[in-house]
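Below you'll find the structures, each written out as structure tokens.
Shared between the two complexes below is chain A, which pairs with chain B and chain C, respectively.
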Partner chain A sequence: MATIELENVSKGFRGGTPVLDDITLTIEEGEFFILVGPSGCGKSTLLNAIVGLEQLSAGEIRVDGQRVDHLDPKDRDMAMVFQSYALYPHMTVRENIAFPLRLAGLPKAEIASRVAAAAEMLELAAILDQKPARLSGGQRQRVAMGRALVRKPKAFLLDEPLSNLDARLRVQTRSELARLQQRLGATMIYVTHDQTEAMTLGHRVAILNGGRIQQVGAPRELYRNPSNLFVAGFLGSPGMNLIPARIDGAGLVLPIGTIDWKSLPPGFAGRKQAVLVGIRPEHFHRARTDESPPHALRVEARAEWVEWLGAETFVQLGPQVFDLPAGPGGVGELAAGQSSTVTSAAPIVARFDGTEQVAVGSPVRLWVDAEDIYLFDANSGITLSPSPSQRT
Partner chain B sequence: MTGRTSARRLGMLGEFAAMLAVVAYALAPLAWIVSLSLKRPGDLNDGRFLPQAVTLENYRAVFNDVQFPAALWNSMGIASMATVVSVVPAAFAAYAIVRLSFPGRRLLLAGALAIAMFPPAAIVGPLFNLWRALGLFDTWLGLVLPYVSLTLPLAIWTLSAYFRTIPRDLDQAARVDGATPFQTLRYVIAPLAAPGLFTAAILVFIFAWNDFLFATALTSTRAARTVPVAIAFFTGSSQFELPTGAIAAASVVVTLPVIGLVVLCQRHIVSGLTAGAVKG
Partner chain C sequence: MTERGRAERRLGWWLSAPALVAMALVTVYPIAYAFWLSLFRHDLRFPEQRGFVGWANYASVLSSPVWWQALTNTLLITAASVAVELVLGFAMALLMHRATVGRQTVRASILVPYAIITVVAALAWKFAFDPTTGFVNALLGLQQSWLTERWSAFLVIIATEIWKTTPFMALLLLAGLALISEDLIRAARVDGASAWQRLRHVTLPLMKPTIGVAMLFRTLDAVRIFDTVYVQTRGGQNTETLSLVAYDTLIVRLNLGLGSAVAALIFVVVALIAWGFLRSFGVSLEESR
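On to the complex of A and B.
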């Protein structure tokens, strides 16, 4: 197992925008590291660059301090699981798993015992003599895993390994994968576009967009303290609600109400600027009586639509409640440049407990703790510093 | 109900009749030659489709001929050599063309096609002089070389079309698993492209086996003369007799290996060999 360092890694195709733009990362030994981002963000290209299937335009890749970016894939000693699994269709499961060992020139007895060990770990023993065409999706996925781990490589690279499985199997395989990684103590780099996989599997997560790293950190850190609008909008489902607002003499002025200065973190006094306010759906609380924290934003709204999912209830409050500006400088324009997950027409969504009953069309009284309000620069999308509070 | 069934039956009958007509059209000359080869010399012009009496005399004559057994051996050897020497480099070339991006890739493919369009009659004269000067005249190599040159483009085109159907993920998986580019071709791509390889091999073999032009111009003796030429040089038992029966028998004999080859290879030309490779 190994530490993998990337330094100023860039990749561009002639006459186009860079696919990877100055990426610097360190993946620690034994770490389950996730690369996540929307499609086309360069995450798969980055993975291919690490394993050697793509050449870099600039930068260095080091494994345990040794430069590898000039090496052929076969000399990097990394194993990869492809999104398509890429099993060799003319070989049986046994031959598929043994293939890397055969290429490495291991003695027959050693190959047999290692294949047997991998087959046992992944419960493949019963299908060792079948060809891939006869296997189910889950079995193929496990064969691909077996072919990767039988070599005991320095690192495992996984490119959306669960995306071809059905929903139930995906959840099951996800936890199996996490246990497997823990048991092997392996360095794993895992590419996905699915934020749930990223949050549940990753020790650390790097969020990519447009070939650049937006933020790297533990899932909790990214969720609680996003460094910019993109990260805030990407994590969480449904996503963070974004409302244009401004800071002026009165405090933080939203279309739906005002929070006075005393509630805002220090550092904003005297400033005047346009901002975007971010509120996560779960931070809306239903006001039953008049009780609420002293520093809170109180809102009266109408339930436009209600989605009851058993354990939780999502209530759409409808954009018109907040009188969002649609013109230039609105959320829409900023969001278009930042992310596909944030759209201007997105209704405001509040998440309640499943026991809450809300009728469509009925008025709802809500409050949001000032501590839970995120502020982003309206132009750059960067989280305004000092952030409302260092959330933990 | 019954009307529709009978209409369908009529349609099937029509289809069957059409197929029968095509098969008869294709096989009639062959059947005629087989029939001729089994006739006695005196019956050759009797105008009957079936021989009055079956005799193997013509076949005996063919194999007792001084030329024919040697020619058969030459044909076998030259066609087999041309096949191997053409298909193996074609596989390398096609793999490179399909998987690597290098400058002039399109030009290479276009050039290959241009060579395939070259009329052989235009080069056979110069080759005759050149081969005599180089000592390649009337040798196996002297025929293998032009056959390879003319069939290589065809083989490259066939194989590159086939390699393109193999998912690139498989190459990449093999490379990550520790294979060199050659090992990738040898253990992963070539086995999956087996139908394409056999198709290319059959095409090359048949071209070399059937060629008359080069074989007649570039050979002069038993050392390298192939069957099509040997048949043309057949003489009867007397100079007043046309060796029609023997020619028919020889034609049947030379057709058999080709049919055998195709039947043998057909087993390997099964589609859907890549099923199960990548889709979930």
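On to the complex of A and C.
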């Protein structure tokens, strides 16, 4: 297993926008590292660059301190699982798994024992003599894993390995994959567009957008302390509510209420600027009485729509109550440019416990702890620092 | 079978009926008629001697050295040209598949010979190999009179065939190459395969059905070779092929009975070759997609 370092890695085509733009990363030995982002963000290209299927325009890739970016994929000793699994259709499962070992010129006995071990680990023993065409999606996925792990490579690279499975199998395979990684202590780099996979699997996650790394960190860190609007909007489902607001003499003035100075971090005192306020759906609390923490934003809204999912209830809050500005320069335009998950039409959503009963059209009284309010620069989308608190 | 199933089956037959009728008119009828003719003594120079002779025409064809010599010649031309075409065609297909710069130009230029009429190509190569005015002798600094000796006449015929039909082979193989998922090649690279190993262990096995179909098409085509030989040697220097024998008997000597027997035997040879290919290559047309 190995440490993989990327330094100022760039990839571009002549006359086009860069696919990868100055990426610097270190993936630690034994780490389950996730590259996540919307489609076209460059995550698969980055994975292909690491394994050697794409040439870099600039930068270095090092494995355990040795430069590898000039090497052919076959000389990098990394294994890859493709989204399509890329099983050789003319070979049986056994031959597929043995293929990299045969190419490496291992003795027959060694190949047989390694294939047997992989087959046992992945429960493939019963289908070793079948051709891939006869296998189910889940079996194919496991064969692809088997072909990767028999080699005992320095690192495993996985390109959306679960996206061709149905929802139920995906959840099951996801946890199997996590256990497998733990058991092997392997360095794994995993590409996905699915934030749930990123959050549940990754020791650390790198969020990419437009060929650039937006933020790298543990899932909890990214969720709690997003460095910019894109990261904040990308993680979480439903996404963070974004509301345009301004800081002025009265404090933080939102269309839905005002938070006074005392609740804001010290750095903001005296500033005047346009901001975007981010509130996660789960941070809206229902006010039954007048009780709420001392530094809270109190809101009265109308329940436009209610989705009851059993364990939780999502309530869309009526925009007319908030009087959100629409049109040029509003939250819609900025958010649309930043992320596909936030659109101008996105309503404000609050998440309650499933036991809460809310009738459509009824008024709802809510409060949000000032600690749970995120502030982003209205122009750059960067999280304003100092953030309200370093959330843990 | 349900009522609906029967109705669909009936509709299926109706829909394919026009094609079946056309096939019957243009292939089944001539084949059957030729077979019928082959059972008669029927020479247009002696029309009054017409009469049913059973298998006698076949006996005289099969006992004639001309038939066996022509068969040998034909198989020689077929084997040599198809073998070379396969190798060259594969190389061209790989080139067309991989070409990133000037893709259209590469494809178009490779396909030019196939767009040229066989007679014209045969004449062009005949001129090229002309001992005094052709460019081949000039280029090689030889004084060879190519079409006057058996081995060199064969060489010219085979070269013409190869030049003319390799693009067809390349085109068929290119279609097969395009069906191989790029991910498989990439996976093989990551698995540690060199370019040669990728070709040997991934591309070629997956191309097997396509190669089988391409070779079958070209072999059947080559067995029926006529134009090139007719234009370049007229069967001289002992280069006569099966089609030439049929032509001589049927058209030149107007012996419809004997000529039809030759034609029917060519049909048998072609059918045997096709059957052999389907058996040995495991080529089934559905599988070759």
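In this text, the second predicted complex is superposed on the first by the 392 of 392 C-alpha atoms of A that agree within 3 Å, B and C clash if a C-alpha of one lies under 4 Å from a C-alpha of the other, contacts with A are read in each partner's own complex, and residues count from 1 in each chain.
What we mean here is this: a residue touches a chain if its C-beta (ideal position, glycine included) is under 8 Å from a C-beta of that chain, and two chains touch if they have at least 3 such contacts.
In this text the structure is predicted, and so the values were computed from the model without any measurement.
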After lining both complexes up on chain A, report clash or fit for chain B versus chain C. clash
Considering only touches as defined above, state whether A:R140 meets chain B (first), chain C (second), both or neither. first
So, A:L165: does it touch chain B (first), chain C (second), both, or neither? first
First (chain B), second (chain C), both or neither touched by A:P73: both
Would you check which partner chain A:A104 touches, where first means chain B only, second means chain C only, and both and neither mean what they say? both
Quick check for you: in the superposed arrangement, does A:P132 touch first (chain B), second (chain C), both or neither? first
Is chain A touched at more residues by chain B or by chain C? B
Of the residues on chain A, which ones does chain B touch that chain C also touches? 51-53, 72-74, 78-80, 82, 84, 86, 88-90, 99-100, 103-104, 147, 151
Of all residues in chain C, those that touch chain A in their complex: 181, 183-184, 186-194, 197, 201-202, 205-206, 208
Contacts from chain A onto chain C in the complex sit at residues 51-53, 72-74, 78-80, 82, 84, 86, 88-90, 99-100, 103-104, 147, 151
Under the stated contact criterion, what part of chain B meets chain A in this complex? 167, 169-170, 172-180, 183, 187-188, 191-192, 273-280
In their complex, what parts of chain A are in touch with chain B? 48, 51-53, 72-74, 78-80, 82, 84-90, 99-100, 103-104, 131-135, 137, 140-141, 147, 151, 164-165
